[in-house]
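A quick write-up on the structure given underneath.
Per-chain numbering from 1; labels A, B, C, D, E and F assigned in written order.
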């Protein structure tokens, strides 16, 4: 019945972070806390990320800034770096947000986040386009 | 000699957070740690915020997301909410970034940040345009 | 239509933190981000706090432990200290959770949280019963 | 002379997190900072966890809530998830505390903590009993 | 019987942060959580700060660095800034540690900590000696 | 032209954390965010660590205290533990700073930081000299 929220969230999640990471989200929790994935799909992807008040590129860059600031969520940071690339952000824009984190949350937070970005860029064969 | 960095940073800071908050930055530290303001002007406003890789609106929204995530920097959060409004972000976009922080850093971080935004909107007589 | 979630959450919130704090939650956000209160009512109070897997006293004590650990959410900490007292926790149990925070998150986090508890106990005229 | 505190703490630690994790605590630090283990035994397990003001199940669930909130202490989180199970908490109660962390400290903190819980449940062959 | 630890800790605390702040520590908690002050005196001031492995000036400067990094403990930060001054650190050394926090934990953490230092310096009429 | 800042920072960094870790800093970022290493060399090592207001041993111990407090920067913590040893701090002084972190940021932060110190001591064959 509330299935429409779940379906809308699932579609949005797949369009941003991609089928593979959504499958991982569902699989990681299915035998330990299936409600966790459901809450993420409904609360985050349906209720928040489907709202039209902010374009998805800005959403992803703001999310990356927060996750880098936390410092303790490298998996989620990498998921949203993938998401940012999927919705059209450039590697340069992502790096720029992370350089700015240096001022807001310190050099170690920025350095570790850029190392996470490097892993994603390498997996997607994007490193050449970043380096000068 | 390195004055050009300082001048560029000062101009950028004034154009984003406004003369009054820049004056406060300079005055707050001048009798206790004048190098603090100089580092902020040079390291943050000149070296980071003058870079063309990211438009200033996205910079401000990403900074707001990080500052709300920290939770312990209400003055700096309010300065960048003012900055975001000055460079053309709407109150709705700012609120939207802060609602998203709920998912990334928890409900208390989002609630307190929105209360800071409310103070800024009230000071600028913008509350009416937000409420429905 | 989704009104049942909202109604269930509102009733649960009132039964735990009390009418006055729920009114404050609704009023604080109504002219700046009305969706914030709705999300808190639905996501937190309906979807999480109505779940039968954990008794409400343990929920409140665990929430207090997390909020004291965050260190930057004194208003929310005080709301849940009120909530804990409302659902039958004793001041001694609350203090005991906060003393334990000393080991998990450090002395300053525990000290500041106990000062918040002291304010709540004083407002409710409970200080005499705590002291020995 | 102060040996009684150490002995009481050691016994309590063993009864909660088990002999194997206590041995690891003693061994990890013995050649680098033996006072660290002694302080943990005396300050935490004797002075705090032996206090009768709170039952040990609630202590462990509150500790799990705080450790999940910190986000940067997966080893200690896993030790207390083991402790919670040892003293009679169910996997469902532990998961419920961690779902609640989603609201207090954000989705990434909750997700990573549940992944730590999953590892403990798997080591103890408890995964089947959680999934539905 | 364990009184010697308490007495040693009390004497050390008074010699570092001064009688007035020690009295405040004892008074703040005496009607809400008297064990809190006792634990601080015994665990922190006796067991840790009396150890000869580190001189007290370095201890205080390292403590200030950590408290500024936390960002959510201004009262404790101010107590240790007072402590640092009492044991012979100069205002310049304290500011220097806080400027370094800018790189480790970000500009907002450093700025807010320096504002706390400014308050302490002003209370002790030390501002003139800092400014140039 | 601004090369003198870069050269001064590079020399200072090499003298503190050593050639190998400086090479790693330059290599890690060169194909993803070369400006990151430049900012670290110039903002941190030239502008902050070259300042004469604080001796380098105290700088390193204060940095270690902050990095242990953050809890999410083990690589940077290990770099500065190496730095502290390079500039003449003893393993005992480093451990002492980390024991003190137990009081400021909690037991888990201190335990994880001491485990990082243990790794560095082992790599440098210093474990025997620490244990008693």
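Here is the rule we use: a residue touches a chain if its C-beta (ideal position, glycine included) is under 8 Å from a C-beta of that chain, and two chains touch if they have at least 3 such contacts.
Small disclaimer: the values here were computed from a predicted structure and weren't measured.
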Please identify each chain that touches subunit D as well as subunit E. A, B, C, F
Copy pair subunit B, subunit C: interface residue numbering same or different (half cut): different
Centre to centre, using CA atoms, which chain is the farthest one from subunit A? E
Relative to subunit B, the most remote chain by C-alpha centroid is chain D
From the C-alpha centre of subunit E to that of subunit F, how far is it in Å? 23
For subunit A and subunit C, let me know how many angstrom lie between their CA-based centres, rounded off. 30
If you average the CA atoms of subunit A and of subunit D, how many Å lie between those two points? 30
Multi-chain touching residues of subunit F, meaning two or more other chains, are 39, 43-44, 67, 70-72, 95, 99, 102-109
How is the touch graph of the chains shaped: line, ring, star, complete or other? complete
Along subunit B, where are the residues that touch subunit F in the complex? 2, 39, 43, 47
Can you name the residues of subunit E that touch subunit B in the complex? 70-72, 95, 98-99, 102, 106-112, 114-115, 117-118, 121, 127-128, 130-132
Note: in the complex, subunit C contacts subunit F through residues 102-109
Subunit E-facing residues of subunit F, complex: 43-44, 48-49, 51, 53-54, 58-59, 61-70, 92-93, 95-97, 99-105
Across the complex, what residues on subunit A touch subunit D? 28-36, 39-40, 43-44, 67, 70-73, 75-76
